[in-house]
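Common to both upcoming complexes is chain A, partnered first by chain B, then by chain C.
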Partner chain A sequence: MTAKTEAMSMKERQDRRFINRETQTAARYLRRLRELPGAPEGIEPFYRTLGRIYADMEHVESEGRKVIGTYCVMTPPELVYAAGAMPVKLCSGDYTAFSVGDDIVPRDACPLVKAVAGFKQTGLMPVYEDCSMMVVPITCDCKKKIAGMLSDKCDIMTLHVPTSRDDEDIEEFIRQLYVLMEKLESVIGSRITYESLSEAFRRVGYAQYELSEFIRLKKKTPYLIRGSHAMAIMNSASYMPADVWGRALHKVNESLKKSIAENKTVTAKRLPRILLTGSPIVFPNIKIPLLVEESGGIVAGDETCMGERGMWDPAVITDNSFDGMMYALANRALRPCPCPTFADNTQRIYRLKQLVKENQIQGVIYHVLRGCLVYDFEYKRIEDELGRIGVPVIRLESDYNEEDIEQLRIRIEAFIELIKLKQPAEKASFQRRSFLK
Partner chain B sequence: MDKKINNARKPDTFDSEYMEGLDKLFKENADLAEFKWFLDEAYDRAYSAEHKKRDVVILGTMIPEELVIAAGVQPRWIIGGSLGSTAWSDDIVPRDTDPISRSVLGYINRPESDFSDTLFIIPLIRDSMRKIAGELRSKGMKICLVDIPPDRRDVYGAEKFKKQLKEMCAAAAAHTGSKVTRRGIVSAMKRVSAARAALRRFMEVSRGKAHIITDAARMLVGNSYYMTASLDEWTFRTEALSDEIEYRAGRLKNRKRSRPEVIIAGSPVLFPNYKVPFLVQDSGLSVWGTVDPLTMKSSVIYDKNMMRGSMDRLIGNIASLWRRYDASSAYIKNDVIYDCIAYLAGKGSVEGVVYHVLKGQIEYDFELERIESMLSKFGIPVFRLETDYQYQDVEQLRIRMEAFSEMLVQNRYRRERNVS
Partner chain C sequence: MKSKRKIIITIAVCLGLAALAYFAWLFPFYQFESNDFETSLQKLMSWEYIKTLVPLFIIAGLAAAGIVLVIILRKILAKNSRKKTRFADVRTSIPKGRAPKQKPALFMAVRWIIMIAFAFIMIWGGLIFGLKMSSMSIPVLSCPWNTEQMTESSCYYLAHLNELFELPWYSIIAFVVSTFGFTILLGRAICGFLCPMGLIQDIMDRIRRRSKAEGIKMNEKMYGALTPIKWCLVIIFIGLCFAGGNFCNFCPAVATSPILAGISTSLYVSGFIMVLVLMGGFFKRRAFCTVCPLGTIMGFFHRFSLFRIKKDCQSCTECGACYEACPMGIKTIYTERGKTDVTTESCIMCGECIKCCPEDNALSMTFAGKKIYTSSRKKIMSGYAPDKNGREEK
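Here is the complex of A and B:
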């Protein structure tokens, strides 16, 4: 065997090993999700999507349209749809890609960026290879530097996210959206018109409407759905066309309404209600919500950008012109966003307090991905603020591997026990007898 | 050093680190009369309790100070560099924050600090600066943010940056109560150009003259730009120091170059934390120069053409030239550092590169891979030196640095043998 064929076969072996490990991990987490009781009817399309992308490593079902990769909720999907393409969020939670990326990017970079670098390096993940272009909003140092790395491998466009949200910043962002629009038009080869943008608003708006309905139902007590299942639904939104996702969510909403009518709940027990906030939780790295729910808690609220926050805020059009629609997109991307990229992020505290109140939250898990400095910086202030209203907060730092699972489990179990001790005891299931009579 | 630490408080890590650094530099360069002024400036900067009214403080170094000077005030710089001051911010920042940001925030939180009448100008070159800005704002401090567009390919980038600089200039003028005029900007451009030219000349004349001035002392002269209260005096003293070095070098000619020459690139090395240059010189290496944001800033020198036109044009010229030489970590790719190292490597000026990465400054670490692969084409080895402001790792670093030094000596021997 020549050195060349030997080298090639080594590459092939490495690729095969990568594919095996990647698909096995994704399949394992999908299985854990399926095994978690209480999944609503209609959840299967979401599982199928996650399975297709990660466990089967298949292409995105883009209905024949070009695919545009995005890295943050600040890229308006409406613009991509209006250009006739499909947006796909490329932030990844993959452990295998992370281990590849670990050798390419600096040790202290965040695991999300390592996973992205790993996928791009191997060139094996169809969802990354399908992208005609990638849009990278610069929200942190890691995103900034990964944009530089990706620019050597594919066509990228960066969005400069301002540090505050005043009118001038919005104007500046609109200008960038116009540049993005031109870039999309040249990459995709079609024009964004008033009609196509309006249609894109309707498409995304429908998905957002169904999401708001879903969140309304999710707030009900006793619980109709587990947080881990909700996270799977939210994560799959990254890889499904908005209208398809919206229709699938509509079915879930219908089944949840049916559950209310039939008085069917996930559990009869009163489980501690946990809010997840901090660094994004991206499939297959869903160990934290799974651990919470396997340890006897329920993820009742989610303030992460790959979760409900990612699609929650609708674009509000106050001026029906094309410019008005662009303004609505910029406004939606920046004004309500509690991302720690902003220098003054007081509104994140208001948002968290609102979520605590609306979802009757009893404890907050503050998730920090190792190296995610912007979220870590805000922890102390949030801990103080939530402490003042009597809500305990636990900071969980984790990485994209399974080595810390048992440590995390112990800490989560202790946290849940602490909350249980605070809540009044549940009524016994049988009538207590009095032995004194 | 005949100065005494301010007796208002008990000496702590901050004091001991500062004084040890100054004492060492003084002992190593005792014969150099003009150098003593720079030591005094460094001392005064650390222990001056004076807080001027309507003070303007710049966090970090990556701001064109000419626009602040045009607003009628010599800015004070808080650039980090001290282990002692990191202790004052330990409870505020996350564990993984880089030492420069820790040190900057610590210095602001120093017990005797009073920044009540201060405008902070903060360049948003990295995440921690953004969060420091939020922290200061939440404490009610007056801040002005300069948001640097991260992509040099951005068609509106230069314009956006110009707008930021205009706003900064206006904020500084409003704070000091002076009016910024065209003439004021031209005067400031001339003064900073003269200072940067003086620094460049000093770096040229002092290169490879370790028997006259040590490498760490050369770096202190560069750092003292951010410590001085009088820019013009600093320029004058730097020129005088260069003259003295030239004069002494003339008398001590024909000194054979013996030490392998390296450049220190990456994260900036800031006084008083000079363990890297001290280690380099202790290991038998000679610092040809540094390639970091501080050094690259000295390339921003305005010619006559750039100082012509309206005020708007002047600010535009400052913005465009600044953006060309800005080697900070604000960009998706740090092409300025890369190109400078490539140029030096191509010229054959250096035999090795010490790539300094301060823990937490991943932006510099990200650049290492492509720099390494570029240098490998020239056969120049790179030594990645990751550290923070603690001193516990000095001995480990010394062993690694000595091994690197030996390798460079071997390389030189092999090269000379091949030539002969």
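Here is the complex of A and C:
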């Protein structure tokens, strides 16, 4: 009897310790984000959402709807909205959950999956507990196995992601979307109709409308917003209904437009422009963008799937029948997606070159989460290709803990110094210009 | 084994088409008591005109019945096929609500106006404005049996090359110069902007979009299967006259403009083919254009055309929306990564790819080097923009 209560209290103690550590880490990173100068007006709702989910460990504001957990960009949020639920992206960046998950899954698994496993083990995170069902696209081996692990907790639907993007692969993916649709209907107890699907398209489309406006403003030089703030905005899209997120982003866009009119920029200095690509960067694991901007760089481009890339591509309806809309969803999920899960992913290089050109990128940080093999595989080729157009690339491997932070800081500072050294002429001319003013 | 069967089927279809074209006069669709090639504005007003229109009503009726039949059949068949169960679902049959749509593009409006105006001219133009331009030939599938069309259509003499050389020499020169001139200057933009057959198919496609019925999605394999049939039709088109046949008895274009102009023309196989063209155009946008022999011949000259589709490969994200939208199934438009000019022999310049492209300046159409239509993200997302008192305040 006493042994049992002791065991119970030990579990309780563990839980309390987990909650303490989790909320503290999240609050610390949120504070660092807030301390970073140059945040636009109207960013507060996004901080609040991240704070709610991670620092306060509260439920998602789902407006009374059921919550469906999703992973990866291949799950079409439109279908979930059409079924009358709210999708939440569960890819996690939590350090505390990672340390729990480290004992459950193999050592070489990626930290993102370890964090998911950790949350599952503790059963304390409301976002995970709220989910009526989880949709897991099988984009890598880790995702495949975590789908199996999660299945004893709630309904799981795996989406088989093909290895190429031919017509037949898309046909196959559509068939899976129809299966997903039926499963969603049975879990939520509603019916996806032409009407509800079009309404879902409008909802997500509005968010994408504001996002394209936001990215258009973000491209402007001198820059109006820091990459870390943009990352926080993008990350919080996972936990907000698309239209609420879109309206909040609309306010940010308005304030950015106002700062153009007032000629107000983030900083007067000319900072090296960095592009961030590679493995997903999820709150609270935003140490890399924070380090870049604390060391005097600016994250001007973002090609990570929890960042801008994840929502950038709209589903273009070329045929307005029900099947046509499903086709648009499948097409959007596979064809423009530069996820390394596809065998031939040359288009990612073109995408990166496009971002380099549009954002006048001076250096690329290739972020690899330890154990994220698919992203690591593509590093070599991207380094070669970008080297050919004279853009330096640095590979940063990191894990979900704060032990490597100093090492990362040294490397990032060195990389930024290297870029600064490369552009003496421009810098001089800039100073002269400001002097003349 | 499977490929062998495929080859045999293809050869059988081609031979069947050739035989059908050759013996077309044996299969009457609708025969008038006497073919009356005289028409006038008075005739268009009279009761007689309605009588000449009878075959058109029959064609429209048959096509409508065929479309309904296909939809019902698909529903029944889909129930038993695991692959296609989605078509059997009820939710596809009672569509309510409106799918999001981008704001109409100026280019598309201009294209429709030109198409309708040209079809009008080709059908009734001669009666109203006279036949001053009839020495000019445009390579377009508008039937020259309609003697009252404003300009001549090249298709007759292209399909009857043996008769061409019996003409006086100045007519031959006028024919060759105008036909080649238009082909080289405009290329297959003629298909997208001028062709009345194209207009009919676009109208069918509009009807389907309105009814929100499911179309038939063509994939690469299906387009590949159509290629030999397309080439077979080209050979039939050019060669039939030398073998002693008459392509006009086979051509679907006979079934529209002469009859609408008040000329009672007996229809043979063309009538049946027109029914198929209408049905095809309903389920797959511009279905006939993918096998049109005249268009294929015009496609040979796509390198010279003043209309070009340009691509900025840097901006492309390979999202494939252009390929999805393309009625001709041109895949290179989204896979191309080097060239800026992506005009291909089957491109009809309908501008659909540019309309659906979500990247700024990734695709554009140029005429003689000047950009006339450019893709833009703003236009794509315009359907989602918050209205003045709509979503924003909700």
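In this text, the second predicted complex is superposed on the first by the 423 of 437 C-alpha atoms of A that agree within 3 Å, B and C clash if a C-alpha of one lies under 4 Å from a C-alpha of the other, contacts with A are read in each partner's own complex, and residues count from 1 in each chain.
FYI, a residue touches a chain if its C-beta (ideal position, glycine included) is under 8 Å from a C-beta of that chain, and two chains touch if they have at least 3 such contacts.
Predicted model, so just to flag it, every value in this text is computed and none were measured.
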| Looking at the combined model built on chain A, do chain B and chain C fit side by side or clash? | fit
| task | Please indicate which partner A:Ser198 is in contact with in the superposed arrangement: first for chain B, second for chain C, both, or neither. | result | second
| query | Does chain B (first) or chain C (second) touch A:Gly371, or do both, or does neither? | reply | first
| task | Between chain B and chain C, pick out the one touching the greater number of residues of chain A. | result | C
| request: Kindly classify A:Arg175 by the partners it touches after superposition: chain B alone (first), chain C alone (second), both, or neither? | output: both
| query | Who does A:Asn263 touch here: chain B (first), chain C (second), both, or neither? | reply | neither
| task | State whether A:Lys145 touches chain B only (first), chain C only (second), both chains, or neither. | result | first
| field | First, second, both or neither for A:Asn345, with chain B first and chain C second | value | first
| remark: Superposed, chain B and chain C have a smallest C-alpha gap in Å of 6
| request: Could you tell me which stretches of chain A are touched by chain B in one complex and by chain C in the other? | output: 175, 346
| What does chain B use to touch chain A in their complex? | 92-97, 124, 126-128, 130-131, 133-134, 137-138, 145, 147, 149-151, 154-157, 160, 329, 331-333, 357, 359-360, 362-363, 365-366, 368-369
| request: Flag every residue of chain C that touches chain A in the complex, lowest number first. | output: 83, 85-87, 91-92, 94-101, 208-209, 212-215, 217, 219-221, 313-321, 324-325, 334, 337, 352, 356, 358, 377-378, 380-381, 383-386, 391-392, 394
| Contact set on chain A toward chain B in their complex | 104-109, 138, 140-142, 144-145, 147-149, 151, 158, 160, 162-164, 172, 175-176, 179, 340-346, 370-371, 373-374, 376-381
| task | Provide the residue numbers of chain A that touch chain C in the complex, in ascending order. | result | 165-168, 171, 174-175, 178, 191-196, 198-199, 201-202, 205-206, 208-209, 212, 243, 247, 250, 312-314, 316-328, 331-332, 335-336, 338, 346-347, 350-351, 353-354, 357
